[in-house]
Structure formats: structure tokens, C-alpha cells
């Protein structure tokens, strides 16, 4: 049944595409409206509600002192987790994260970690004994497509609003978490040789291949992930990277450095 | 199949009820025979085997020193667990506790905790570091109805027989666990506008609604739980509370203060 | 379907057996070719790849300092684990060890433990605080029958090649793990009143009963396990024990004491 | 911190300035999610809770199907960041119990016999917790069910009463819940039939009566707000249809 | 405590006054549970074990069904409070192994071909443990199967032998098990066919023979007690029918 | 250890004597397992990886079946002893992600529509790890698929490039991976279509181009070795059939 619907839908989207159009009238490299609301959860150290079109993602940051990893005794720890709760989509099921949720969390984590946005060495409290642990918890509320970009935006926006809760743990006064970079993830799908950015949920369901590119404020690529059971030509990848850099710059300037 | 049987059974019970009768000849507020045998498990710090009619529940108490919760550094810890092992009923399945088992354990726990039967502050060994942990383990052996009341009875009876194993942990001489109260849980079901106490397994299976009321020796209500997908009028609730207080007093005097 | 095949196969094997023959031409108490390659995994403290006919089992040993058990404060700890990964057989499934994998690990463990091959007291670092923990990890690669004997062989062969990684943990120089004994497990199946040693995978699938006997270099029996839903006469057991002692001696001399 | 260190009342008013029988500020928004069949966002004091309804839809796994009616599932879940000390993701014993009693608070009014072999899924996410998340969740879930067009005999409204400093109070907030003497959450139909009843702490029978009456009064007020929120989305006429649906 | 600190014998008798070849006191009660199809309570020394049988009944999940016979499931479980140091609830590796070998000790005598596509469930709860819980569990389970009316080719009786202070002893108790030199539990039919055989420790082939013979002698004595318990419940005539059922 | 403490190059060569664009030694063996339908063992530098393919075969559980094509499952698993610090058995988050992207690297070339309602299972065991286990696993899995006779549009070959000391290098080993500046594993068809693309670290767009080209060059060389290994097992004629199968 669902595959019949998806076949019809696929034809419809494909026919539009031949005319150079998308279901919601956007151009191929156009993002849906973005809104970012910070500090929405008072109980969290930092938080952000991101809306990307109708997609909604809430990210909360919690911090607490804990033990460092043995091989990085002087560095704080980042733990990123994503809950694809069944409230957000008929396709999500209750239970521990499946491979889709795990991949999402790991790619969000990759952006934060590889951009070196958080100065982990500044999060050392007692070398080898006690460091700050940052929990980045991604809570998907409404999956109308491209929740990965929304979650990545949410993570960095929430970190930008994060106050280190030092006083609660008797470790001095609270202070804003210092950030060194603002990574932005940009995702495109490939369908019928066309590349479409910021795919909606229907576009995602028909595409075989998706590529996410995470770029830093300095213009470097700090993370990538191809997903889906399709393939990409190298030129397609290079083209996605070029556009991704540009889109990320726009999003960063407009929403995050404000 | 089972729903056919239950329809016939339902009619049978309902017709009796119209005549003011119950399947086993009891009056609506009459309990089945109760027997409580204490100290049946030598390896436990305290134990009790409760028979409520044919229902059988064994409760064992284990104690060991451990860390207090951060927000109650000077208080002992109570952990209540219930195993609805498949030996006890064709309806129980192997595996971790399901919501029925969890609810049962939590309501038993509520009675012990909210009645302040156990003086948790007396269970502090080293403030902030070491306190006594009391494990109340409820093992259902035969579910012939109303195992919640039986389990609650078993928990308090087992606590009444509990010897703190101080010497085993090099913490002085063993002594009887001091108790401040004797909470008793009393459960009624509603069916066809009639309230029946201490329901048997058949009566439980036809009822939509169940209400458990836990009362203390001082005559206070210290815990309540409505369960089942039905509703109750406030007057019905008040009436159950009144009878519950009376029944609990009888049970307490007859079986627990002895 | 599979049960039809197995019925035909069963008849075939049974008819051979009436003629005193086995499917691969062996005599009833003959083992398949054995090869043992040690130190195949550089990252492990010790390792061995055992081939028993086409069956392949890889065993790796890892060691690390850790806490002793409370009741044996001056002894090292052995933890044996077996992964029946789905790569090794169409009958194995992904997921945590099932009862077959658990039984295999526990019988391998029994051989090592009960033969007192490892001097656990020599593995104490700080009495009551820190001891060496030995992880014996059995990785089945190809299950062509009798993986229990292969795994047991692999475990002791890997232990024989194990270097205690003291320097990695700042505990002095590395040294070879001293061993006191060389236990060998020998397995026979019963089928149609005939006893067959080192069963192949087909022979295993038709047999109801299997008996494993583990013997030490001193000629003592240090472990046994009957498995399968059949029965054995005492005389059959005694006969298996006699042959097992002899076979184990051959295997020990030829492959392990070399 | 100890009970004795807290004074719950100042000049006859509570720590947050409320009277004993006053609700915290409530905000209800209907239809806040695009994917769900029905949804509702609620703020009750510091609680921020969102509910979604999916269904009636097919049951997986099959063996849970009921031949004569829809089954109802309810999943109460707290976001990791919703509380002071981070909560590990996934259900714990408390959330299993709350899911069960919340489901049983709604089932009496859902016309499950209309949808044999189906499931109606109710998902409640607590985004910020401040005492009273179960009642907030039930209130949001009931509105989300209406928003999803699930036929109901009536609305369900939920509210707690508590006892602090020997006084019965309505809708306890965090401090009152943590250091109070009793907590009594209920849920009910507009007609006053009780579908959720839990209690812990210590109440004399008289105090119990008083607390039940006060909680029922609170629930009645919440009912008006639920109704208003549905009217705001569906307009007067449609909402009255819902109401016809929603009143026996 | 160390082996060398213990003297297992005094004046030729064991720590609890038994001779080397003597069983601990045994008490067997048939039909102790109302819900189960068959049940049995056993005390063997300090062990208190209860077994219940359900079935033959439908198999869930379906894919476990066998077309030509009933499957048998056996679940050995220890109550948290059954041992000195509280055991975490739920199965561990030891209980998985014991469940497997115990099931395989009983399956040879159960007429599973009478009940294709069904399951016979055997549940064993150890309420108090004192060495020998697996043998106690098998003894109780075999009686519970008979009590449930499951057709069996014969009874199964189980007993262990051990080696302490270089002496072979029957039915080791906790101290002998913890600090002894070998443990050898068996199960068998009254006809002497072995259905459970495990061993750990160290035995010469001669000692092994001696231990097997002693354990078989113990199992034969237990068989008489199992039979007596069934006779007590079912009376002589019926019990002989069971026995006919239960002897090849 | 800190990045700054390491010099990755000496006299223009890497720590293990390789040039920047040189692969580690590779050894490929086809058909190393008897039970699996296809299998392959690979050594890439210090990595020792084995892959097995089972299928097409029936899908369990049934509801995972696809009506029009075979589903592909891929399980990447590390042996506990494959790494310096013992890994707990069982999948972790990393292995779930690697399993997903590896499956998606192979699916584009598998003719799944030939086998509706079936499953093709690919199991990859990492026996010794030394940076590059995912690429080694994909290389072995692709050969194992061919060995199992699964129809494929083409072979898949996988290789990583990295950045160390501001230099783009091919096929990074452990030290380069741990303390390097970027890691970029790809997989591709002989025709140059990319089926796996991941990256972490920091690369300018120019460096990115350079790294992709270098990784593709490495993958092309690996393809020749995969082909040679299949030829060695199947002989020239048969292998060319595989190749026909394996080239669009």
C-alpha cells in the first residue's frame, strides 16, 4: 500500500522535476524557512528549538562534572544522543535508538567535535580526575524532512546559549561556554541526476542518495556523510560541496552569529 | 477463545451479583482467609509467606550497606522489586517486569515509604557516605487474585521480622529493624455499580476498575492507586476509603500486631 | 523442509553406521586433522587459531588489572566469553549469546578453571585491591562440528602463548603467563548405540546426546558435560571417559606440549 | 534541604504568589505538529509538554490486535534535559507506571469499539518538568485525541491537589511537591467521573475529601481552557460538534 | 576461608552429622499451586524449591512450533533473597546453562510426540539455595510433570555426589560444595539411564566410577520419595497408573 | 601523546616507510569458510578481516520482507581482542553506523530485484584492527558476494585518504588516524561512481579534491587485487564471467 502511494508520489515529483520544479515551489538549492529560538528550556544549561519549514527539532544541553577518558585526561567529554521519538513521525518506533537515530547523533557529534567548536581543554577541572561532560540531547519533535540539518543547527545554537553550571557543583561562578567555531551541516539528495538541497520528507522518501557536508566558519569541510543505497559521481559530490559551503555561510551569518 | 470464556464467566458472575452474591459465597466486603508465615527464608534478613485464599506471595528482605542518594545523604534507601514469575499464572511471561509488575512494586513501595514505616534516618551509617539499603523483593507464587494486597501484607510482615545484618558487614551487632507504622493495602473492584473487596482472579478479569487504598495505623491514608480502564464516581471512592480503613484495621490487629 | 533433509541425511548416516562407517571415512574414535596456529593476533596478549577438520575457531586472550571478587581477594579472575557469530553458521543469529553459546563458554571455562591450569594466586597484584583479569574470548569462525573441543583447544593454546602485559600498565616487565596444566576436552556423540568421537556437523545434527570429558595432564577428569535430549547408559559413559583420556593424551602431546 | 526549612506560605499566599486553590498559568495550543494525526502543546506553570496522537492505524505486532475494539497505547517520556539532573534516555519504572495510569485515565472515554483491530497511539513528551507532568500530559493528550478526530464520550481533564504545611493546595509546583505532605493527582470527565486517582503522602479521610473536591474544581477549570483551545482552532460550530462527540 | 581451614569430617561423620553416603532430609509436596497445571514443592536440606508445569499449551511465538512434537521449555530462576548476597533479578549465564541441562535431563522421558505444535513449560523457582538447587529443581519438576498429567516414559530423579577431603560423598551441602574437590550432579530414570551428567573439580577415573555409583544410589532413594509423594496425593490406584505411565 | 610530538614523515617517507600515495600491503583470500555461501579473508596492513555472505535466503522475521527485491543486511563486528583495550562484545553505536554505511556502499551494485522476499546477509568480523577496518570490511564483503554468486552490477572497492602534517596521504594506518588531521574513506565502482563517502577532520575544498582523487586511485588498485584473487580461485574464464556479471 505505502509502496503504491510512494510510486505515484515518485512519478509526481519526478515529473515536476523534469520541469525544473519542486513540490513546494522552491528552487533546487533553496532552503525552507528557518527559525531558531534559544533558551526555551529553563532546566537545561542551553537549548534551542529549530524549525526548518515544518520540521521541528529541540536540542538541550546538560553539563556535569565527571571522569575524563583515559587517553584524553585533560579534556572535557562530549556525548551526543538523539531520540527519534514516535511522536515525531509515523515511521519512528519506541525503543532504543536504531541505526538511523545513531547515525544522526553521530553526524551531529562529528560537526561539533571535528570543527573544534568546543575547547575541550578548557573543560578540564582537575587533570586526569574531573572534567566537564557535555550532553547534547537531540529531541526530534516533527520530522518533515532533513532533520539532520535541523539537529545540527539546534546543537550549535544550543551550545551558543549554554551557561556552564559551575556554581551548582561548587566550582565557582557560572559562565558562558566559550565556542571557537560555528559548524553548519548542509544536506542534499540526488534524484534523477538532479541535486536538491534541504529535502522535504517526500523528497527524502524517493531519493536513493543523500550527502551531508559540514563546514566551519573558516570555510573548511569538517565532516561528511553519504547515506542511502545509491551512488554519486565525483562531480556531483564536488558540486554539493561548493553549494554547501555557500549555504552554510548564509545560515551561519543569518541565524547563528546574530 | 479466552474472550468467549470470559464473556460466559462475566454473565455468570454478573447474574450472581444481581442476587447479591459472589462466586465463592463471600459478602461484598469480605476478605478471603489470610495466613502469614514469617521467617520462612533463612538466607533472607526477613521474609514472609502470605496466603490470601489460594493466592500465595513470598516476600524476602535483603539488606546491605551502600551509597545514599545525593539528595538524601543521611537516609537509608528502600528498593522494591516484584517478580511476576511465570510459575504463578498462565498470564505471566518470563522477562523483565512489565507495567503490571512495575505498578505492583511501586504501589507496595508507596505503602512502605509514605507511611514512614521504616525510619530511614536511623539507617544512616556514615552521613553522606554509607547507609543501609533495604531490598524488598516480592515473589508472586500463585496468582488467584488480589496479589497487590497480599504483596503489601507480605512486605510489611517481612519487614517486621527483619534483623539488620550488621555483624556480617562488621558494623556491630545485629538488631531488629525498628518500624514506626504498619501500613495495610486494601483493594476493591467496581463491576455493575457494585464494589467488591479482595477480588478473586475471575472477578478481577471482569472488572474494569480497581482501587487500592493504603492506610496507616494512625488511620491516615498514605497511598492510593486506581487502575483499570474504567471510571469511578467520587461517592464510590469515598465509600471504598471508608471500608478500606475498617478492613485495614482488622487485618492489622489480627495479623500484624500479633 | 530442513527436517525432511535431515531425515534423509539421518538414514544415510545410519545406514553407513550399520556398516561400521562414518560419512567422511573416519573410524568411530578418530579425530579429524588438527592444526593450531598461535600468536595470530598481534593486538591480543595471546591467541590461537584452531582448525579441526573444516571447523575454525579463533581464541584471543586479553589481560588487564581490575578488582578481585570479594570472596577471593588474592586471586586473579578469569572471564570466558564465546561469540557464535552468524558468519560461522547459518544456524547462528546475531545478538547476545544464547544458551548454546553460554554453555560453550562455560564448559571451556570449566576446563581452564578446574584443571587449575592458571595459577590464580600468582595473578594477585595488590591483595584485595588489584588482580589480573584474564579475558578468554572465543570467536567461532566456521562451525563444521565439534566447536567445543576446538574452542577448548584454542583457549589453552592461546593461554600457552600469553604474555602478561605488565609494562603497558606500569607493573614491571612483561612475562609469559605461567601454566600448571594442559586440559583437553574430548567430545563424543551417541547415535544408534554407537559412540562417535569428534562429530562433524551432520553427525551432530542427528545425534540426541553428546558427552564432553575434559582431562588434565595428570590423567584426572576435571570437567564433564552431557548435552542433548537423549540419555546414556553408565557403561557408555565409562567407555567415553576411557577413550577421552587416551585421545586427550595424544592431542596434548602432539599439539600442545610441543 | 529539609521540610522544616521551608515556609510554604507568606501573607496567605504560596511561594509563587498563588492562593491555595489557584491553578498555575496554563497555555494550550492545538495542532502544533504536522506529521501527527492530532497534537497539543501545553504549559502548566513550568511544565512544557507536547502530545501527539497517531491512529486509528494498523497494529504491529499483530498478536496485540483485539477483534472487537481498538487498543490504546500511551507512552509518557521525559526528555533528558527536562529535569535538573540529566535523565538517562529511555523509559524507567516511573514512566512505565505513569504511562499505564495515564492510558487508563483516557481509555474510559475513547470509543474504541469503532475501530476493531486497530491501535490508537498517544505519545507524550515532557520537554520541561516542574511537578504535575502526568496531569499536564493527560490534558494535552485528551486535546490531541480530539484534534485527531478520535470519537470520545467526553473530554478528560486532569489536575492535582496537595498538602503543604497542613493546608490543602491546588496544583502543587516543584517545591511543594518535593517537600509537601501529600500529592493527589486525578483525572475526570466534565460530568465528574474519576478516571485517574493516585495518592501518596498522608491525609486524614477529611483532608482526602477536601483534596478530591479541590482537584475536581481545578479539573473543571482546565476543561474550560481545553474547550477554548479547541474552539480557537476549529471555530465555534465545529468545536460544538466535537463537544457533542465529547459529551455523553 | 581456605580449604585447609576446614575439616569436613569429625568422628567419621560430616559437618551436619551425615555419613558419607547419606542424603540430606527431603520433603516433597505435590500440587501446591492452584493456577499451575501441575506443581511440586521440595526441600532438600536447606534448599527450598518450587516447580510448576503449564501445558501442553499453544506456542508463542509461533515460529518456535514443532510440527511433530511438543517443545519443552525449562526456566530455572533464583529468587533475589535465596542466597547470602542478594542476587540481581533475572537470568544470568549460570541460570541459562542450568535451564538447558535440566530441560535435557527431562526431555528424554516426556512423550512429546503426543502433543505436536504445543509447548510444555516447566518453571522452577529457587526460594532458598544451599548447594544442589539444580538437582532439587529437576526432582520437583519431574513430580510436577506427573502432577500435570503429562505422559512420561518414566520418572526422573536427580542427585549429586562430591569429593571432599579425598572422600566421595553423597549430596554435598554448601560448605562441601564451596570448598570441596569435585561436584558431580546426575539425573536418571529408575532404570538407570543417565539424562544429566555434569562434573567439575578433579576425579581419577576410579573416583569417577565411585561417584557415579553413589549418585545413582542417591537418585534411586529419591525416586522412592517422589513416588511416595505422588501416592500420597493420588492414592495407590491412581499412582500406579501414573507409574505405568512412568515406567517403560 | 600529542599530535605535536609526532613526526609523521622521515626523509619524505611515512612511519612505516610508505610514500604518501602508497597502499599498505594487501592480501586477499577467497572462499576461506566452509559453511558460508561466499567468504573472503583480507589483510590490509595490520587489519585482519573476514567476511561471509549467506543468501539469498528466507527472511526472518517475515515483516522485513520486501515484495519486489531482496533486502541486504550487513553486520560489522569487532572481536573483543582485535584492539589494544579489550572491546566489550556486541554492537556499539560506532558499529551500527559502520554497518549502515557499509551496507549502503554495496547495495547500489547488488541485483536485489532478482530475489524478491529474500535476504542477502553480509557478516564482517574484524579480527585485528589497525585503522581502515571499514574499508577492509567492504573490500572483503564485495569479494565474498562474488564468491557467493550473488549477481552484481560491478565490484566495489574501498580505500581511505587522510591528512597528516598538512599532507594528503593514502590509506592511513593507526598512528596517522589517531593523530592526523582528517580521514576520508570512500568506496566506489570500477567505473568511478562513489558509494561510500565519509569525512571527519578538517580539509579545505582543494585538499578535499586531492584526497578524493587519491582515495579513488587507491580503490582502483585494490580492485585489481580483488579481481586477481577471484581469478586465482575461479580461473580466468569463470572469473571473466563474474566480471561480466560485475561490469554493467
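So that you can tell them apart, the chains are marked A, B, C, D, E and F in the order they are listed, and the count of residues begins at 1 in each.
Rule of thumb we're sticking to: contacts are C-beta pairs under 8 Å (C-beta built on N, C-alpha and C of every residue); 3 or more make two chains touch, one makes a residue touch a chain.
Small disclaimer: the values here were computed from a predicted structure and weren't measured.
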Separation of subunit F from subunit A in steps, with touching chains one step apart: 1
Centroid comparison with subunit F (C-alpha atoms), farthest chain: B
Reference subunit A; chain at largest CA-centroid distance: E
Pair from B-E, A-D or A-F with over half of its contact pairs in common with C-E: A-F
CA centroid of subunit D to CA centroid of subunit F, Å: 52
Centroid distance [mean C-alpha coordinates] between subunit F and subunit C, Å: 32
Residue numbers of subunit C (touch at least two other chains): none
Graph class of chain-chain contacts, one of line, ring, star, complete, other: ring
Chains listed in ring sequence, where subunit B comes first and subunit D follows it: B, D, A, F, C, E
In the complex with subunit B, residue positions of subunit E that touch it: 33-36, 39, 46, 48, 50-52, 54, 57, 75, 77, 79-86, 89-90, 121, 123-125, 127-129
Of subunit A, residues touching subunit F in the complex: 3, 97-100, 102-103, 105-106, 110, 113-115, 208, 211, 216, 219-234, 237-238, 241-242, 245
Complex interface listing, subunit A residues touching subunit D: 40-44, 47, 54, 56, 58, 60-62, 64, 81, 83, 85-90, 94, 96, 135, 137, 139, 141-144, 201
Residue numbers on subunit E that touch subunit C, as the complex places them: 67-68, 72, 93-94, 96-97, 99-101, 103-104, 107-108, 184, 188-189, 192-205, 208-209, 212, 216
